[in-house]
């Protein structure tokens, strides 16, 4: 009878290429996020219904917007509450450029990002110049949102109270108007992917470390050579630009915006805040996890509450926010992180335990 | 602008300002004691309005008689929110506090929208267009009643804080939580009370606005923002500041409404707000509370 | 020419004069201690030198350049680093990441920054903590992290604000060794604020004494501790050979 152990120490070849993807928590987050995005990319193969595809489109877009807010509020820790103003400005810019100046959204959306970035510079400048701290900064952004809403209500050039709608036209790639959902899904997936990559690059770079340092302790950061004003401005501007781009696509997809719709805290909670908070503010995977759990879950719950009645999405998102803060302050990513730590501890222990096969 | 319109605008502004003062007092009380900005504050006002609406359509109760009911119910709601939710995040990161309250605000708006729909609602009482003409000016009776009630309640609250034991305890906590604890004051209970009172007072303001007022579930948001403006203007945590600040903003808004049109008058408050934040963040009454 | 040249700085807070006409110079590679009772103005002086406060009067020069009124990050980039009395780690990230923030003061390249950070940790024998989350460290390690982080910025001089406070004797000895190593091996000048006299006596070449915001004595350690004014204001007779 052989006493040699049947399970030898040779690693199973299938596992080899998986390991590097999960080597550390950061990589794991990126891997998981891209797996989710990848699955969504494959969704049109199995899903026909425009309704469900529509949910995926919005969820993916929300993930992208979530990344934009995550950079400012999660990594740099700035209390920029009314982030929606950047999305709104981006939405308006894109539609105005298309309707009044026949500028293709493929150009219009990047321009929207630029315009939103300029607004971001203004916000950062005012905040820093006048030393608006934490709470006051939050209030300032909200007041700005209300002021912008009123302004846009009266501004005839952008439609005033009637808002701006996409001029009906035949489907065209140039105008980013499609008659089926798939192209929208791929654009929004592309945005989400670019957002994740950008977020990761920032996170691993000097800028990312500086953002985190500012969040953790601004004075200590300054003492270590961090130009806090510059980097806070960068965080706001980057977040604003991305939100502006997202807003541009949002406008092309929903085809109509008006001031009370987009300069609205309820929309802010749904698009900007709910995702990262549920997913985990300040984490790499937070925006994707959060948005992809959020939106479908919200739709499901609304179905139970009879989705036609208004207010249901507010009920859902409000509850999500409350539950997240009370029970899951580090979000889904935080929960997964604990699980990951436990699993990797176990696997390390079993490896050291299992290598006794030589001493049978 | 002739003199009569000028004074009429001031009167109208003061009447609205009285409500603002009440709402702001509630907000500043909460901030002064708990150092937390109640981002759900406007929703208490909105709930007051809808409760009055409900009482009126259900049982024909005159809105002004609904005041005690609304006050009690919203006090209870406020106390519940404080002890169940807010208490847990008092020592958490400000971002978490803001998010929690935004969540509460969103949830409340959602619930109201669910039960009463997003359509504008209003109640009409028989005396809503009655006016008392005095000195060439017209004093609208409902608004006059609202204003006087607001003054009475503000005064009552002031006396309560000044002279009763509980009121003094509240003021003690707002000055130094630790010292108050050492004096044997049950701080958690004070927090509960304060949040409840702040919410109730605001709801009363809402009730008194109802006659002939178009209400929608999100109406609280703009009052909430205005309340913040008033609180910052009057210095955060300062009772008298909130009171006078409310009257001032009411008048400023009335003039803005006359000059620019009713739907954009809120921009006047926003401009005032931004100006204060930039040039005198400590408010009219100076030193900002730490 | 002195590396750090503080010339008559005065700092007022409303009616209170925290630091009054304070002058001090520290030469390259030297260790100077600043002592005095609590509230004497030592940390205020540090904050003025490091750029956290603007002085009402006076100037500060570092390596020949006037740094009065510069921002803290600008002062750091010129080669003057500081630590804080109550340590301020970046709690939710790792020790290595903490030190890397310091290293980025000299480079924008992540690989270079990581190398510098690892060097700084090795210099203090802290490599094994590299992956630990900063908030989980005990106080002694956090104090060492604070110094390692400042070292990673590649300074010519360091301001150490009560680096020994709260440490047990053995832990304090470790920090003393760190400071000495920085001075001897890297030629970094040190200005330290300290209450623990044993540390002051064993490390510093010169001592300045601050009392009610004014310098009441300065000189070599043995002279200063026997100065009557210093004894009256701060030391007390028995403290000359304390601990």
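Think of it as A, B and C in the order they're written, each chain with its own count starting at 1.
Everything below uses one rule, namely that a residue touches a chain if its C-beta (ideal position, glycine included) is under 8 Å from a C-beta of that chain, and two chains touch if they have at least 3 such contacts.
As the structure is a prediction and not an experimental result, all values here were calculated from the model.
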Furthest chain, CA centroid comparison against chain C: B
Middle chain, criterion being Cα centroid separation: A
Between chain B and chain A, distance of the C-alpha-averaged centres to the nearest whole Å: 34
Centroid distance [mean C-alpha coordinates] between chain C and chain B, Å: 50
Separation of mean Cα positions, chain C and chain A [Å, integer]: 42
In the complex, chain C residues that touch chain A: 50, 52, 71-74, 76-77, 81-84, 88-93, 97, 100-102, 104-105, 108, 110, 113, 149-150, 153
Residues of chain A that touch chain C when the two form their complex: 204-206, 209-210, 212-213, 216-217, 219-228, 282
In the complex with chain A, residue positions of chain B that touch it: 37, 85, 88-89, 92, 94-96, 98-100, 102-115, 117-118, 217-218, 221-222, 225, 228-229, 232, 263-264, 266-267, 270-271, 273-274, 277-279, 281
Parts of chain A lying in touch with chain B, wherever the complex brings them together: 73, 77, 79, 81, 126, 130, 132, 134-136, 138-140, 142-144, 146-147, 150-151, 153-154, 264-266, 269, 273, 277, 281, 305, 309-322, 324-326, 329
